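A single structure is presented below for examination.
Letters are used for the chains, namely A, B, C and D, taken in the order the chains are written, and counting of residues starts over at 1 for each.
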Amino acid sequence: MASEPGPLNPVLLIGGGAAGITAALDLANAGRAVHLVEKGPTLGGQIARLDKLYPTDHCAFCLLWTEVRLCRQHPLIKLHTLSFLKDITRQDRYLNAMIIEGPHLIDESRCIFCGRCEEKCPVDAIKSVGEHAYPPSYVIDADVCNGCDECMKVCPTGAIDIHRQEQEIVIAAEQLIWATGFGDADISPLKEYGYGTHPDIMSSLEFEEWIAEAGANKGTILTRHNGSVPKSIAFIQCAGARDKRMFPYCSSVCCMHALKQAQWVKRRSPAVDCVVFYTDLRTEGRHYYEYYLREIRGTSLTLIRGRPGLIYPLPSGEGIALRYEDTLSQTREMRRFDMVVLNGALQTSLTRPGITGHVPTLDGEGFLDKAVGHYPACGFCKEPVDVEASVAQASSAALHTFLKRERNGK
Amino acid sequence: MASKRKAICILCRCYGEISDVIDLDSLKDMLTDHPSVSSVEILDCLCLEAVEGLSEKIRQSGTGKALIAACSPIARGDSILRGLEQRGLNPADLELVDIREGCAWIHKDYSKGATGKAWDLINMGLASLVRREGSEDATTLVRHEVMVVGAGPAGLAAAASLGQLGIKVHLVERSKRPGGMLNLISRVAPDETSPGEKLAPYLKEVEENAGITYYPLARIASAEGTVGNFAIRLQVDGTEHMIHAGAVIIATGAQALLPQGLYRYKELEGVLSAIELERHLKAGPVKARRIVFIQCVAARDQARPYCAAICCPVSLKNAMGLRKGNPEAEVYILHRDIICPGSTLEQYYRRTMAEGIRFIRFEEQNPPVIEGTDHVQAVRVYDAATGIMRELDADMVVLSTPLSARRDTHGLARMLGLTRDHLGFFEVQPLMHPVETTVPGIFICGSARWPVLAGRAITQGEAAAMKAFCLVSGQEIAALGLSQFRGEKFAIARVDREACTGCGNCVHICPYEACTLEPVNGASKSRVDPMHCTGCGTCVAVCPNGSIQLPEQDAQVIGEMLMQSFS
Amino acid sequence: MGNRISHGVEGHRQGERRAPKVIVFACRWCALIGADGAGKKRVQLPLDFRVIPVECAARVEPDSIIRAFSYGIEGVGVLGCHLGGCRYHNANHRAIKRLDLLKKLLATVGIDSGRLLTSFGTGHEYHQFAGILKDFFQELRGLPPLDEWARAATIDAIKV
Amino acid sequence: MTILEQARQIARQSLEQGRAQGVLGLREAEGGVSPHLFEDPSDIDSLVVEPKWLLAKLATGILKGLPADYRLAVLCRGCDERAIVELIKRNQIDGEKIHVIGLACTKEQARACLCTRPYPSEVAVGDVVEGVDPFQDERARTFLEGDQRERMIRWATELRRCVKCYGCRNSCPICVCVPCKLEDDLWVGRGEIPADLISFHLIRAFHLCDTCVACGACQDACPENIPLMLLQISMRASLVEKYGYEAGTDRERRSPLLSDLTKEPSPGCEVPGWMDSLGDSA
């Protein structure tokens, strides 16, 4: 199955998030073919899940927008959605990668977004790929789909075929870049945070989607358990991070993320009392500290230094109790909140099971091992970084694929 | 006269999504008699079929202009246009009118009204289409050279990488030796390598690569030109050099702030700034027994509302350095927050704690107090975590001041038309373009944009190099303004020299400094630099007599659209 | 039926008077995306508005707004990006200042400044755009019609 | 010494001492008054200061025809000087070539023009009287305040009398555009009399929103006595209130409408916090 890479010295990019997109565009603009492998149905990665971005309060999609379109339209970029890397075999100058793609039950290139399939589907297996996804299209959740081919019947363009199978593609590439990004980890193992015991105890990414303007609540702040307006929200920093039992590292984006969320909560319903429980307030990035000052000055946001020792839903059902020590006033307290946002347990997506062959080695904390990195990596899978740093790494990773070539050439 | 030109009109049924609401057939009839329509056609689904045949039809239609009434560009419309474009049609001759999202889908229950609205929308489209004339190309040949300003870690990395890629590089440095900030420090945080090691590969490349010219003791006297071809005059001790470059990378770094008048600095023996400690550590082991670091000195306060990101890791590194010099040394770090984001730095933080470095948190409102007469004896600090006032014996106090923006970069900024934030750091484009400035062809990396550790500076240097490489590896650059989320040459503002009164409104309002006034026999007239113009049209709105226009959508078009909007 | 929601915005049927005509200058980067979303979601909107896409709110020249009124259009909206979110280096700031002043002029001659809707960074979601439009139509219905201008022209001069 | 004598003396001096090669002012001859370029000190006896007559535009024209080293003095009032400043800012006059002999208006004149600033930056002739607040003036108020509908009718009634003579535009010291949007079908329907009530007058008015120096030339020139200057008052007031900006008072300062909110903040507009400086980097 081994084959020579093409004349354009193709690069295989794993991950279509902010970093992946940037690297792909840089490479393509410099005249190299790119195979962009994305596990989701559309580009954007975690940023696409975000509503707003700090410190400029841009809508996340707005910044992604142009890049995604350019990626889609660039003749040198071949995009593989719903795909993941199965196996890498390495030759001397190039590598062969086996990609499992699809199944694309809905052929995106033929979908005109008329929505008839979604309307028809008896089991709600068909969903739009995303409010602001480009191009707009639908995707079928194979697990929910009951196999009735109603959707196929109503689709005017014949885009749907629920019997399509996933396919194996072998890509001969000269280089590979890891940009698999991150996802939020399940922190229910850390019992004290009470994750899973109450619908209003959620991870910060869940919360972001919950309060998103593009989301179900159209940007209004409501509790999950009964849709009432919360009086108070607690943001717990370093939940599962900087914690030997789970992730020893600092996820580095959470402090600003929490401040941003608190600010948007305040902006939309000023009455809500927002409290951020932090360990160190790491606002070191470009203009981050000013953003934080603006928080403190602009909105009546409370900061408490300390990590809650116990979070549990009150038996009566009205709210969630927090036991914590304010380490700056050395007072032990117990306080009731309507919602709790757990922030920090972010985990690299590199540790995907089942990749065989020439796979990267990971360091103790699950990141791509800097010492043994055969191929350049960028973004969160290399180390926890914010958007700016991540795309900077992406460009530099793109550059390294060229440098490697130069060296090989010599 | 352009307005006499006709266009062919293609209506899309979109498999009923449009035609179920809008009566396309009656639209067709109305359009056939339209003065600026040559022929009308209805198709089932434009985006899936017939783009091929369509392009032929359009080409044969004589005028080569086509109005496409289909869905929104954000849906499939865009791909239709691209398809036609790939088949050799001029985007200026195509107009997409959104009658699906913009009409059929939002007026499902008013078939009649929707049809009327579609008619108006199509008329508005035609108004714009028949008037639009393609702009001629404005291109510059690209110099396959790059100028890198500043030979610190970022600049060196950028220069070395570009050199390896076979690009001619001019590396400009104000002082004699390359290395920048790293020349002043003992070891590099967090990996504690020596600056020499860190820079070795890049310095080697710069020395050995014939394509890289290094200009020490250089000053930039003037800078002209735009992306693709900058012309920079250099003063290299006395002699003058002329440099031409397709792109410029700014890596001028930042400067260490001295804690003048703070914590009895310069008043007591043994109170030093972080950068002075670096000098001592560089010279050899420092024999101090009780050392107290104070973080956030003149940082994160009203005057300097920012965190310089590197002070904490640097202090940790220096603390370890002192320990090496004297394993018995007691080291305290007084901080307001320990800023060690990520995995590597956090590990490093844990390691220093394991090493026995002690950390005490203080609050902004009651900072530590230095005690002693002519030599520092102790530091009194309110330990916020325990609520106890502590007195620490000390024979050395290190004040960690932030990196601050260079004061001498405003000239450079002016010459290159760059903007700086109120702290003096260079502005960059938000988030997704961290190394790109608002001026095309000028990139920025390292602490000139925001304080960073050497490691990140190098990454940014490489990122900037990549961007520059994409740019200068091409043959020529076409001037493009943004139109419908993509570059179009007809989106660039155009000045009617006859009408222009030279009032200079456009010059003052242009966010990109693309407009300039130049004398034309006596009077001064505005000129648009196509390489700088992004096609935002801000100038159009303030031009008193409409002598500056966006060819894509000029006043005529807007006026026509308004007239047609409700027929 | 996920995305088939009706925003309850009635067309020109509502109210005895003919629905006001509205022109919306929509910034491609913000409001136009909202307008598009409204389409995708099949939000039912009043008929009598026309969207003129512009690259940036700052491109909208006051003259064209005035001209719109002179054509008998009763409401003009200029929708752009949020402050600090402009694609064109704060170009929208300039638009805000300019249009504030234009409102003053319109108010002077008795054209309610509410007829010139300026909103920034508030229309990028389908529901936001629909909401803005709905409220705008509501407000316009409450205002004295502009044909007063024509009628007024035939009333004898008022002695002052 | 009367105002007239003061004026003549200063004019004569500036010619004799060679501060200027010519003085632009008004001359009384053949029983009429008209602008005149005095170059010979002996002519100065025929110089007069009344009536109010704006010379800014004239000066622009004259300077175009004169040699580069020619220095022109203009005997003019506050509004006229402000007009000159605006013209300098818009590159119509070379600031080096022109200097102003400032003439302060009398109380009556100030009241007649509803002038907020009836004196030039440097008063050489006459005594300063403080300005009039147009919002205190009875007649003005009927056009600026009160019920909206009433105002609409009032203005419509006024503007309806317009015969489209373009006097307002031609007499305006700031209007210099050729071609002018007011003659373009696109903006103002051609051949309609009265002119399109809204577009003609509002476009004209708004073009001057941040440059109008409130000289009142437009309404003085209007054969139908339409109080055109009142269109500007609320806009001028808002510029002063928001940005402390008054057209024609500062050569260096450009209109705040040309800069973004980070440079010229506007009250009520919330700009992201990190933009407004909390201190300098020095």
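Heads up, the rule we're going with is that a residue touches a chain if its C-beta (ideal position, glycine included) is under 8 Å from a C-beta of that chain, and two chains touch if they have at least 3 such contacts.
Since the model is a prediction, treat every value here as computed from it, not as a measurement.
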Selected pair, greater C-beta contact count between B-D and A-B: A-B
Chain located farthest away, centre of chain B as origin (C-alpha): D
Inter-centroid spacing, chain B versus chain A (mean Cα positions, whole Å): 24
Distance from chain D to chain B - Cα centre to Cα centre, in angstrom: 42
Cα-centroid distance, chain A relative to chain D, in whole angstrom: 60
Distance between the centres, which are taken as Cα means, of chain D and chain C, whole angstrom: 33
Interface hub residues of chain D, defined as touching at least two other chains: 181, 186-187, 207, 257-260, 272, 274-275, 278
Residues of chain C whose C-beta touches two or more other chains: 33, 40, 42, 62-63, 67, 84, 89-91, 94, 98
Overlap residues in chain A, where contacts from two or more other chains coincide: 56-58, 65, 113, 136, 287, 290, 293
Complex contacts: residues of chain C adjacent to chain A: 1-4, 29-30, 33, 37, 40, 42, 81-82, 84-85, 124-125, 127-128
Touching residues (chain side chain C, partner chain B) in the complex: 11-12, 21, 23, 28, 33, 35-36, 38-40, 42-45, 47-48, 50-52, 54-56, 58-64, 67-68, 71-73, 87-91, 94-95, 98
Residue ranges of chain A in contact with chain C within the complex: 56-59, 62, 65, 113, 115, 118-119, 124, 127-128, 131-132, 136, 213-214, 218-219
Interfacial residue positions of chain D with respect to chain C in the complex: 139, 142-144, 148-158, 160-161, 181, 186-187, 194, 196-199, 201-203, 205-207, 209-210, 230-231, 233-235, 238-239, 242, 256-262, 264, 266, 269-272, 275
Interfacial residue positions of chain A with respect to chain B in the complex: 18, 22, 26, 29-31, 53, 56, 58, 63-67, 69-70, 73, 110, 112-114, 134-136, 156-157, 242, 248-250, 252, 280-290, 293, 327-330, 363, 365, 367, 383-385, 387-389, 391-396, 398-400, 402-403, 406
